[in-house]
Amino acid sequence: MTSLELLNIRKSYGGTRVLDDVSLEMDDCEFVAFLGPSGSGKSTLLRIIAGLETADAGEVRLAGRRIDQLPPGERNVAMVFQSYALYPHMTVRENMAFGLRNARVPKDEIDARIAQAAEVLEIKDQLDKKPAQMSGGQRQRVAIGRAIVKQPGLFLLDEPLSNLDAALRTRTRVELAQLRRRVAAAVIMVTHDQAEAMTLADRIVVMNERRIQQVGTPMEIYAHPANAFVARFVGSPAMTLAPATLVDSDGGHARVKLSDGAEVGTRIARKALPPGALRLGLRPEAVSVVAPGAGTTDAEVQLVERLGDRTLVYAKLADGQDITASDQGNSRVAIGQKVGLSIDGGAAHLFGPDDVGHHAEPAT
Amino acid sequence: MNAGGRARYAGFAFVGPFLLLYLVILIYPLLLGIGLSFDHADLFGARRWAGIDNYARLLADPVFLRSIVNTIKLALLIVPPLTLIALLLALALNRATRAAAIFRGIFFSSSVLSVTIVTLIWRFILTPDAGLLAYGATALGLAPAPFLSDPSLVIPAVAITTIWWSLGFPTMLFLAGLQQINPDIYEAAALDRAGKWTTFRRITLPSLRRTLLLVVMLQTAAQLQLFGQVQLLTGGGPGGASRTMVLFIYEAAFGRWELGYASAAAELLFVLVLAVTLLQYWLVTRREPER
Amino acid sequence: MVTPLIWTLLLSFKSNAELMRSSAAAFSGPYTLENYHAILVGSQIGRWLLNSLIVSLGTTAGVLILSSLAGYGFARLDFPFRRTLFVLVLLGLAIPEQAVILPRHQFFAVLHLHNSYPGLILPGLVAPFAVFFMTQYFRAIPVELDEAAMLDGASRLTLFWKVLLPLTLPAQATLGVFTFLGSWNDYWWPLISATTSDRFTLTVGLASAQMNYAQTSGLGFLMAQAVFASIPILIVYIVFQKQIVRAMAGAAMR
Amino acid sequence: APRDTRVEIVVQRFFGECGAVYGHSTDVAAADTECGILTTLINRFQAENPDIRVKVNVVAWPGYPQLSAQIAAGDPPDLVTMHQSTISDYQGRGLLEPMDGLLAEAGIQPAQFTDAARAGVVKAGRIYGMPWDTIGRLWHINTRLMAQAGLMDGDRPILPHSPAELLAQARQFRARTGKPYLIQAQVNAPDYHVANLYTWLIAQNAVIFPDARHVRLNTPEAREIVTLFRTLNAEGLTTRNQDFPAATASFTNGDGGIFPTGTWMIGPYDKEATTSGHPLYRAYVVRPFPRLWGHEAAFVDGHAWVVPGAERSPAERRAIARLLHFLAAHEFEWTRTGQLPSFRAVLAMPRFRALPHRADIAQMAATGAQLPDYVQRQSAIQGLIGEELEAAVTGAKPVDRALADAERRVDELLAQIM
Amino acid sequence: MTSLELLNIRKSYGGTRVLDDVSLEMDDCEFVAFLGPSGSGKSTLLRIIAGLETADAGEVRLAGRRIDQLPPGERNVAMVFQSYALYPHMTVRENMAFGLRNARVPKDEIDARIAQAAEVLEIKDQLDKKPAQMSGGQRQRVAIGRAIVKQPGLFLLDEPLSNLDAALRTRTRVELAQLRRRVAAAVIMVTHDQAEAMTLADRIVVMNERRIQQVGTPMEIYAHPANAFVARFVGSPAMTLAPATLVDSDGGHARVKLSDGAEVGTRIARKALPPGALRLGLRPEAVSVVAPGAGTTDAEVQLVERLGDRTLVYAKLADGQDITASDQGNSRVAIGQKVGLSIDGGAAHLFGPDDVGHHAEPAT
């Protein structure tokens, strides 16, 4: 069932357009991430849904009801702020109860809901502390708890993890994932961390420059980026985009030549490609390190990032083109070394002059 | 920030009560006063149109002109040292020890006294034949300085009294300002080889810029209105050497019953205070980036 | 720095007759409680104390309420002429008391407000600095808190009352102490507004209790009065001193 | 409780509060100090007149800002203490009730007043107050030091009869005792020099205020008087930097010969003079200002009871009259403070004469002179003249210029009176 | 050449011991990361080196010179604070010049050094801005620049990246890596993010509970954790530690049985193992998802984290033991599903009751 519906939302600040005709539909219980660079309008869109900002045009509907005219408190949405925005003078319990009291929920019911949320979030013994007495991770949970107890139709999370340190972030991410399976509600999470979005969301809404660039499951977005922006933005480290020229086609599939002369055969349909300059998109896992001369082309190693289970190699082709490759965890590659790169053309992408992405045809 | 702009006028409900009182109790009398300043008027309601007579007389009245000079001198002699001492005190007391807390209390307690008592105390300190300073000076074999009867010493004497009395509040403001400064930048400065003085001048002082502005503005406005100390300590003497504008206004109103004249002087004082305050604000903020 | 204070204290315990010869007598005994006795037994001191408390507490409460409301309004709400009005309030910082006190006196006479508590309290309520201070303080509170409360369905009043106001407690404490102090030591307005001694505040009452040449013949008594009148403020200060410094840190200079 | 139906009158006075000692005392004879005597007097009146409720409003000295405020607010008290020199201000503006009727009702005839007192309350031909005393300045003298200086003739101090003699005696005093001849409260006390100037101008029959709008100060007579004090100051024959409390203490401690100050200090100093071991013990007399020019004269002022204009019921008037009557009948008690009586009868009382030093100064009731009744803003004017005189005496300004400035400033002030 | 030397550093706050007999040697131009959980004393140690704290006992030597008695400014170290601690009222240029002016470096030289640092850090056109006008990433670079211009013998970085958002963090990490190759100085970086430490450091000092747990290159620490703490702390997601009992040994190598009965043959020398309870350590990449029944054992999927190029599968064995496995990027595994797990015993670790780690013998 459709839960949230955005219709042609438009918003400007002063003379500056911030959102341009944004429309979106979201299912009940769906977890959607708004992903995009800073300033792309993610928070603004979220705040329009929450009622903290007013759209200049467009409609917001929740469970079929138009809510954009309602005050924030009556929209049946709950929000977790980036800064948590816990009430510093209230205990955890009071923080959670505040919204319910305002909604005149009976006392018993309030207690029950708080107890339950505290159970889920494992903060039962923190209920009488004040936020200042808690660690960052605990505060985060209280902020989530404050949203949960309201049993809203829609959770809105604005960069809920960005204030946490790396260790806590990974843990909290898992917690968020588990949480959403326990509470039956739709969730929108704003983030500019693609790993976060990929991990948590059912669907990702990639935003850039006032518009939605692509909407899709994490895998769709990773595997079939709609355009070069999405391709670069999603995936870490970023996809290499190397200028390429069409050479030939084998079996209807495009074959391209990189600027250093190396040729790569793709599984992308030749005829779908527009005329004009192309860029070849290569994720690091499509480029592996081999002995010099043994691969598609050779390169010089610029930087080695050892991540334990695998190693990322930042290299330069003969003509200066940067390219990121991957190697095993116990790679012996060193900076300055010459290596061979084996490019898996079957996993490559092509982007035309209009920036639209073209992807390998499914293996038959 | 509000939904739907319904609450465009809600703000008035919050600022309204204050603004109403403000208009009725401050602005309306101020306007009445401005009206009065164009009248010959006495305390009991007699009024006669005077045009700019009062102002013309004021600007030709050597006593008034001298009171302006005295007032400005006093402000100049009080505000900078007061600010400096308060700043130093705050620096010294900006620690969490018990002793510091006790000293904060002591420095605050002089502000607690009413002006009557403050002047009384200082009269006894400053009087050359009987004051504490006199005992000290005599003990050192010096002739005690006639602080209250020498025209050139009376203004410094009043200034000292005032500084002693007013120290509490600015010290508090500075203490607060100091606590705002991120302690990390002091460590960074230590690593940057900054000595004590450099740290103070290049780190502490600039960080206190806004506090400094606030203190200086508030104190200037307050000291330009200095009154009780001179009225009680020197009566404006000797020979008018310590008559301030407000004392002049007081004398004109309650001594001579010339309400119109007093009002005109009060308006000129208002203009002076306003001008100085705005000037300070402009000087300090003009080179600040937009925030 | 502290010497004058100690001296005041010592003087207040000396007999007036002895001090008439020399104020230096303060530094040696014998000390006496006669001055404090005289203050306490003096006919109306209880009444003046009460009046001062009513006026000072009334003023303080009023200032806190008005400036909190206005500070919130100026800091958080958008309404027509907001900036202009705020500047207008700031201009109030530059208005000397003398420019308004007499016209205000006449105007209060017309309203028959003199010699009454409202007449004594009302002028103190108009404190532009308090509004400025509270506005700064409210500005320092993250807006997210407002938004969180709005999403929690809080009305503007609930938001103000339950969420923001408690956060300004340190500021209120500071402002409260300084307002109380100013009101307690105010002399001119109560002098000309309170016309009968049962409406005098402590400062006016104590002044009236002085003989013409009190500095000569009643020095110890005067000092005892000073100490006596300062006690309530010192108590207030000691109770709130922690809050004060914290508060100013929050608002003073953002 | 039944409502208090008694007629109420509000008495407003300065002189301080002394409820601690005299709160409920009616024993006037046992009371001491201005505050004590007045408090017990009113207590006694209240006790003797239970049908009247006397509400006492004690105000801070001198009480005029408050009185003005009360009048401006339309809520003045019924009976107020006022300096006689100030009556003109309020009378000139029509704010006081003429009291001829009230006094008659109280059984008091103006003829009972001393000359000095009557001059203080009669304005524009009518009586605007019941005089309560006459206060003036005297020379308080330390006879031990005077003896040491060779300026005693038996138990009588030798006082100068001319400016030259004054200087000679002062120099002699200085030389013999090493102390200043005069103790003067010159700091923050503008009226001190004014009293000197007025006294000796009056002694020469000089007209100070020729009319309501002018003063005459830049005269040879005035210059001579001021120059004398300038010389005293310049030669160190006087204390220089003292204010009133310092000068008072200075005299108490025997640090100078003569302290010209008010009648009100007689009581405290006499106490010193009768306490053995104190510097003034048996070494204190007072005298009126010496005759340096012209004839014997004293510039005096006094306190009076006045009635601000307001609507009052006949019952209230009667109550006021009864209080006035009572006060007049007990004026002797008040003179124990050191002030001179305003009623001739008291002046003649043996009890009064028996009070210490009173015989020496009683003549001031006759020689005492006040300014013409049309002179207003005396207090402000004295402040203003005093400021200029101080500048002249201390040498900050030439005498001529100071006097000319004073004249100009006073004339300007008088011109503005509405 | 030895650069920094710490000898038996000890430190208590009040009665609480924070550092216990810490010793360390560091080479010229070496990049060392202090890695450890919150409160393990990393910052304290760093601050003792900087001179911002005084050790209770022990010595600090830099380039052979004892420096622990010197004031911070004279130790020839530079520090980058977690909060940056930029002077808010100074421009970027002034921030960088401040320390040099205090050290009376000639004006020309100051300008030259700033120009060079600005060049390296790409903040040339920001030099006249104030910190408040810059983004987090730019501020970070200024903080680094302020350290660089001092040309210190040792850089100290206290969690230099923890204030950055995820996107910026990855980029800055690469920048830091490049930077240290350009400036010839030793670097100590404090972090509790193991990815950061692994990526950047030549050697990692793992700290916990007042002590150094292990010192080694990232690969040593990853591959041969000295104890269970290091094993769990390093590597993300954390290594699974499953109770195991020794069954038998094949060819001198230990063979263990998990609590659900599954047996795993390791390449760990049997005789090195102490008697008593063992725990089997498995990194996610040592456990791969296969068809049910086709692997070493079976498990139920609890949570799936899709990272694009690979997928992490959090699962439970039959007896409730949690285990983390990995699968390909396009894994179809879903929550609740039963899967088989193939355990690569050759990559497993064993921890004895004394917590000491035992690792596979090198393949011969």
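The letters A, B, C, D and E name the chains in turn, as written, and every chain counts its residues from 1.
We take it that contacts are C-beta pairs under 8 Å (C-beta built on N, C-alpha and C of every residue); 3 or more make two chains touch, one makes a residue touch a chain.
These numbers were taken from a predicted model, which means no experiment stands behind them.
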item	value
Maximum inter-chain contact count - chain pair	B-C
Most remote chain, CA-based centroid, reference being subunit A	D
Rounded Å distance, subunit C centre to subunit D centre (Cα mean)	38
Subunit A and subunit D, separation of their C-alpha mean positions in angstrom	93
Where subunit C and subunit E are represented by their mean Cα positions, the distance between them in whole Å	58
Rounded Å distance, subunit A centre to subunit E centre (Cα mean)	26
Shared-contact residues (touching 2 or more other chains) in subunit A	51-52, 71-72
Residue numbers of subunit C (touch at least two other chains)	22-23, 106, 147, 150, 207, 215, 219
Residue numbers of subunit B (touch at least two other chains)	1, 3, 43, 45, 123, 130
Parts of subunit A lying in touch with subunit C, wherever the complex brings them together	47, 50-52, 71-74, 77-79, 81-89, 98-99, 102-103, 146, 150
Subunit D - residues contacting subunit C, complex	10, 14-21, 23, 33-35, 55-62, 65-66, 68-70, 72-75, 77, 244-245, 248-249, 252-253, 264, 268, 278
Parts of subunit D lying in touch with subunit B, wherever the complex brings them together	64-65, 68, 71-72, 89, 93, 95, 186-190, 239-243, 245-246, 249-250, 377, 379-380, 383, 387-388, 390-391, 394, 396-397, 409, 413, 416-418
Subunit C contact footprint on subunit B (complex, rising order)	1-3, 7-15, 17-19, 21-22, 25-30, 32-33, 36, 43, 45, 101, 104-117, 120-125, 130, 132, 135, 164, 169, 172-173, 175-177, 179-180, 208, 210-211, 214, 217-218, 221, 224-225, 227-228, 246, 249-250, 253, 259, 262-263, 266-267, 269-270, 273-274, 277
Complex contact set, residues of subunit E against subunit A	37, 159, 162, 165-167, 170, 174, 177-178, 181, 192-196, 198-199, 218-219, 222-223, 234-237, 283-285, 303, 305-309, 314, 329-330, 335
